[in-house]
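These are the structures in question, set out in turn.
Shared chain: chain A. Partners: chain B in the first complex, chain C in the second.
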Partner chain A sequence: MRDYLSWMKDILAFTKEQMREIDSSSLLQLKNISVAFGKLTAVDGVSFTIRRGDITSIIGPNGAGKTTILKLICGLLPLSQGEIWFKQQRLDKIPPHHIASLGVTQVFQDIQLFSNMSILENVMVGCHVWTDSGFLNTGLKLPHAKAEENKIKEQAISKLSLVGLEQKAFMLPSHLSWSEQKLSGLARALAAEPDLLLLDEPYGGLMATEIAMLSRLILQLQQDGITILMVEQRTDEALEIANQVVILDSGEKVADASPTEIRSNAFIATNYLGGRVKGMSEVHHAASK
Partner chain B sequence: MDLSIVLQFFISGVNLGCIYAALGLGFFVVYSVTRVLNLAQGEFVMVGGMLTATFYSMGVPIILSALIAIAVAGLLGGILHCGVIHPARNLSKATQTFLTVGFAFAIEGIALLVWGWEYKSLPNFLSTPNIHFGGATIIGQTPWVTGITLLAVTGLFLFFGHTLQGKALRACADNPLGAKTIGISVDRMSLYVFILAGAFGGIAGAVITPLTMVSYNIGFPMTIKGLLAAFVGGITRAEGVILGGMVLGMAEAIAAGLMPSEYHSIFAMIILMAVFLCQPHGLLSSSGKT
Partner chain C sequence: MNKTVELRRTKAEYLILALVVVLFLSIPLFAGPYHLAIIMDIGIYAIITMGLILLMGQAGQLSLGQAVFFGLGAYSSAILTTQHHFAPWLALLLAIIITGSIAAGIGRAVLRLKGIIVSGVTLVLNLIFSYLVLSLINLTGGANGIVNIPHLSPVKLIPNSLFDYYFLWIVAFLLLAFSLNLVNSRTGRALRTMNILSGGGEETAQVLGINVMKYKVQVFTLGAVYASIAGSIYAHHLGSIEPDIFGAHLSLLVAIMAIVGGMASPWGAFLGAALLMGLTELLGKFASVVVSGPTGAYELIAYGIILMAVLRFLPQGLIPLFQKLPPQSRHSK
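What follows is the complex of A and B.
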């Protein structure tokens, strides 16, 4: 009996240790989250954890709820059920601008640049989260505000250099190509110095060379310590750079594993990979066969 | 026509145009960020004018009186945001616009209680005498009106174009969703623009009081004039609002010289109709979004 108790104690101690390790390495936790729009359940009881420093790709067919999950993390949509935790802080109760100041920024699929501002100004505004000069200070151009603005300008230029757009800093977004606009959106998001960067379809509308360049850039950001969560339709590219892959279908989580495990699963490989992602009905049909 | 009369029309037109531009800019700053038409804008003008006159009558120097009045008008803008617009933020923009009318009535009622029916006036700032030039007369307050309006407009342009907070306001005006996700509090920016609009109204009120007497009920006509300036020029662009104010001021100055006073409003309405028929979104509105 004593042996059994000591064995149980060891097990519990081991589990606690493991849990503590998981907690310290996890940056974002989605716990049983759901959201419904009327009768349509867009996300249904999804849970997963993102580890600090990882690149996580969410893949799945159209309407799987991938972009909805990004919007839920950013606070742009309210949760119907569940919890979202980021750095031991609950995200789903706070407004979007505060979430950004905690270190979560997003690059939208349709970019959402500020059309009446130059690219440099767009990126400078991205630094807004870490400024502490108030409205009056800035309005009166007091020395502290002036120094901060100069610092912000330098920071914005360095982010534009990182994405290779420093030459186009003074252009309006409408004068840039699609891929350049995407990179501007990325520079703006990076200006906020995020811990977690959310990318919605980063490869959408890009050519093969541009995709390769963007992949290199994403990997470089990972090396710089930024954790990345991306939603992507292009499964090959998404698996190529990811450490973790989450597959969603009809709002439900189908798989959460490493790219190697995902590729080695015949069922998933057949139905969700290979350039074509099937919907749940097709999967059920294939499974019944 | 005698050249001196043309000059007189021009001077009066610029003077009126500056006043209308200042009124219209109050609408512009609020509308550009919140998409709400603040129909209480004229009340800020009334409060600015009445308070300047009141403090002056209590022996406070005129410039200091004007500064206090502008600060109070700005504060009133903040109260409008915190007490009316923010609690109603989930309602439609049309509803929020109508709520500003309620606020305007409340301010007018309070002003009636505080100041009664009495009209108030002020001498020209620093007792500036009238200037006679080329056969035309420039009223002593006119350079103050033009100068202060130009200063305020320049300050506004510099603030929007060259400061980070100004850029953040422009970001909210351009794309509130994008602004939220990079950490800009659209609610806070909305508060700032209401304070700014209040201050703009206060400036207009303080500078026009030496030219035209003010009373508790001038708010509504001022709101209409400001709206006309904003819509004639295009409410989505500051330059448009300034142009709209100038067009309206010039038209009114010409109408005042050529027509009996009862036709002035008709003349202004004809201009408005003509502009809207030719340029439905205003003279300088490039986006077409109003």
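What follows is the complex of A and C.
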């Protein structure tokens, strides 16, 4: 009996150790999350884990729930069911600005630069999460606020240099090209010094050379230790730089594997990677043939 | 052509402020009591309008409740000094705390609403305030108001009116400097991110870590504090207050001043107040000569015409006329 108990203890200790290892390597965990808008279920029981330092691409047809998942992580939409954990902290119970302060930032598909500010000011807004001067401090221009403002400006200029836009710092967003606006949005997100960067269709509307440049930049960010979760329609490019690929269709998870495994699966390659991404109904139709 | 936009913080802005301060402080050397009274009115309105410009022009919250907070400041000061014998200085500070606390509570409730609904609800606040002032006769004096409010001047070295003039304009310029610092800072940028009237977006602001509700309530409270300071100075300067002055018409007039002056910069408050007060004085002098009867109705018509003309030809208000380049997009080659 004593031997049996000691054996059980060993097993439990081993399991705990394994769990700790999994926990320490995972940065974000989505556990059986669902969200419904009336009768429409946009995301249905999706679970996956994102490891620290990885690039994860979510791909799938239009209406698969890809962007919805990003909004759920950012706290812009409430969950109907499930849990979202980030750095051992539950995200789905806290407001979006608090989630940002924990190290999660998003670059929107339509970028959403503030058109009433210059590019530099837009990027300076990105520094909000790690600064704290309030109305009194800034209104009275106290030393803390002055020092912080200088740091904000330095950070913003350095992030603009990183994306190659320091020469356009004083321009209004409307005077920049689409790709430059995309890079400005990225610089603004990077100014927040995020641990997890969410990119919603980063390649959308870009030309081949711009896509190649952005891919190099994303890989550089990964090397700098930023974990990236991107939603992308362009599957070739998304698989090219990803360590992990999640395929969604009609709100459900179809696959969660490495790019190599995804490519080698004939069913997935045919229905989700072949030229264009097919919808679930087309997949069912193809499977039944 | 490389179009660029400058950061708002400019040394020129502070240099102009210094020159204007010197000009205003020297006005009593050559102006008579009548003109000093008009310039004081401009200062009072400019302070109230500046608070609204921070709220509407920066954060994009359409509020029409500034008269309530102006009234709260005036009545708090008056009640504390005449009924509880507080020193005027202490009463002014306590009025700020009272008005600020009430504004924070109102802001928390009202600013959950969006857009034009906020202006509707804040407009209703004027009616509630007027009703309360007229009903709480023991406290506010009802329709008769409050008289014998002591002056702010602690010592009689200079005439009270001159002291009030200097005090008012020093406070106005200090608040202007405070506002300019605010607009050109982390706080000002955070406010502009939520200004959906001019290119902001609340969702984006939140994703970037900005607590939108907290900022809205704080700037609403700050705007109320500005109005409260103006109200206290007004009450102590005149020595008596009555409820008529604190009605919805004042809130609307202040909103017109903000729009006419220009909401992109706190300077707009001074331009708007100066133009509309100057116009009121002109109409007071000439309207009765041209046509018989009271001038009040003609003032309202004139305000309406000016507002429409500004919205049509200078949608950003008068401010761009005094700057080389438009305030939101100062382009240079």
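As a convention for this text, the second predicted complex is superposed on the first by the 273 of 289 C-alpha atoms of A that agree within 3 Å, B and C clash if a C-alpha of one lies under 4 Å from a C-alpha of the other, contacts with A are read in each partner's own complex, and residues count from 1 in each chain.
Here is the rule we go by: a residue touches a chain if its C-beta (ideal position, glycine included) is under 8 Å from a C-beta of that chain, and two chains touch if they have at least 3 such contacts.
What you are looking at is a predicted structure, and each value in this text was computed from that prediction instead of being measured.
Participant: What does the overlay on chain A give for chain B and chain C, a clash or a fit?
Facilitator: clash
Participant: Based on the superposed arrangement, let me know which partner A:Lys151 touches: chain B (first), chain C (second), both, or neither?
Facilitator: neither
Participant: Quick check for you: in the superposed arrangement, does A:His175 touch first (chain B), second (chain C), both or neither?
Facilitator: The second partner, chain C, only.
Participant: Applying the touch criterion given at the start, work out whether A:Pro96 contacts chain B, chain C, both or neither, answering first, second, both or neither.
Facilitator: A:Pro96 contacts both chain B and chain C.
Participant: Using the superposition on chain A described above, determine whether A:Arg216 touches chain B (first), chain C (second), both, or neither.
Facilitator: Neither chain B nor chain C is touched by A:Arg216.
Participant: Between chain B (first) and chain C (second), which does A:Ser118 come into contact with in this model arrangement: first, second, both, or neither?
Facilitator: Second partner only, chain C.
Participant: Using the superposition on chain A as set up above, list the residues of chain A that contact both chain B and chain C.
Facilitator: Correct list for chain A: 74, 76, 95-97, 100-101, 105-106, 108, 112, 114-117, 121, 124-129, 131, 133-135, 138-139, 141, 145, 148-149, 152, 188, 192.
Participant: Tell me, which parts of chain A touch chain C in their complex?
Facilitator: Its residues touching chain C are 74-76, 95-97, 100-101, 105-106, 108, 112, 114-118, 120-121, 124-129, 131, 133-135, 138-141, 145, 148-149, 152, 170-172, 175, 188, 192.
Participant: State the interface residues of chain A toward chain B in the complex, per the touch definition above.
Facilitator: Chain A reaches chain B through residues 74, 76, 95-98, 100-101, 105-106, 108, 112-117, 121, 124-129, 131, 133-135, 138-139, 141, 145, 148-149, 152, 188-189, 191-192.
Participant: State the interface residues of chain B toward chain A in the complex, per the touch definition above.
Facilitator: Residues in contact with chain A: 159, 163-168, 170-171, 174-175, 177-186, 192.
Participant: For chain C, which residues count as touching chain A in their complex?
Facilitator: 2-7, 178-179, 181-182, 185-190, 192-193, 195, 198-201, 203-212, 218-219, 222, 328-329
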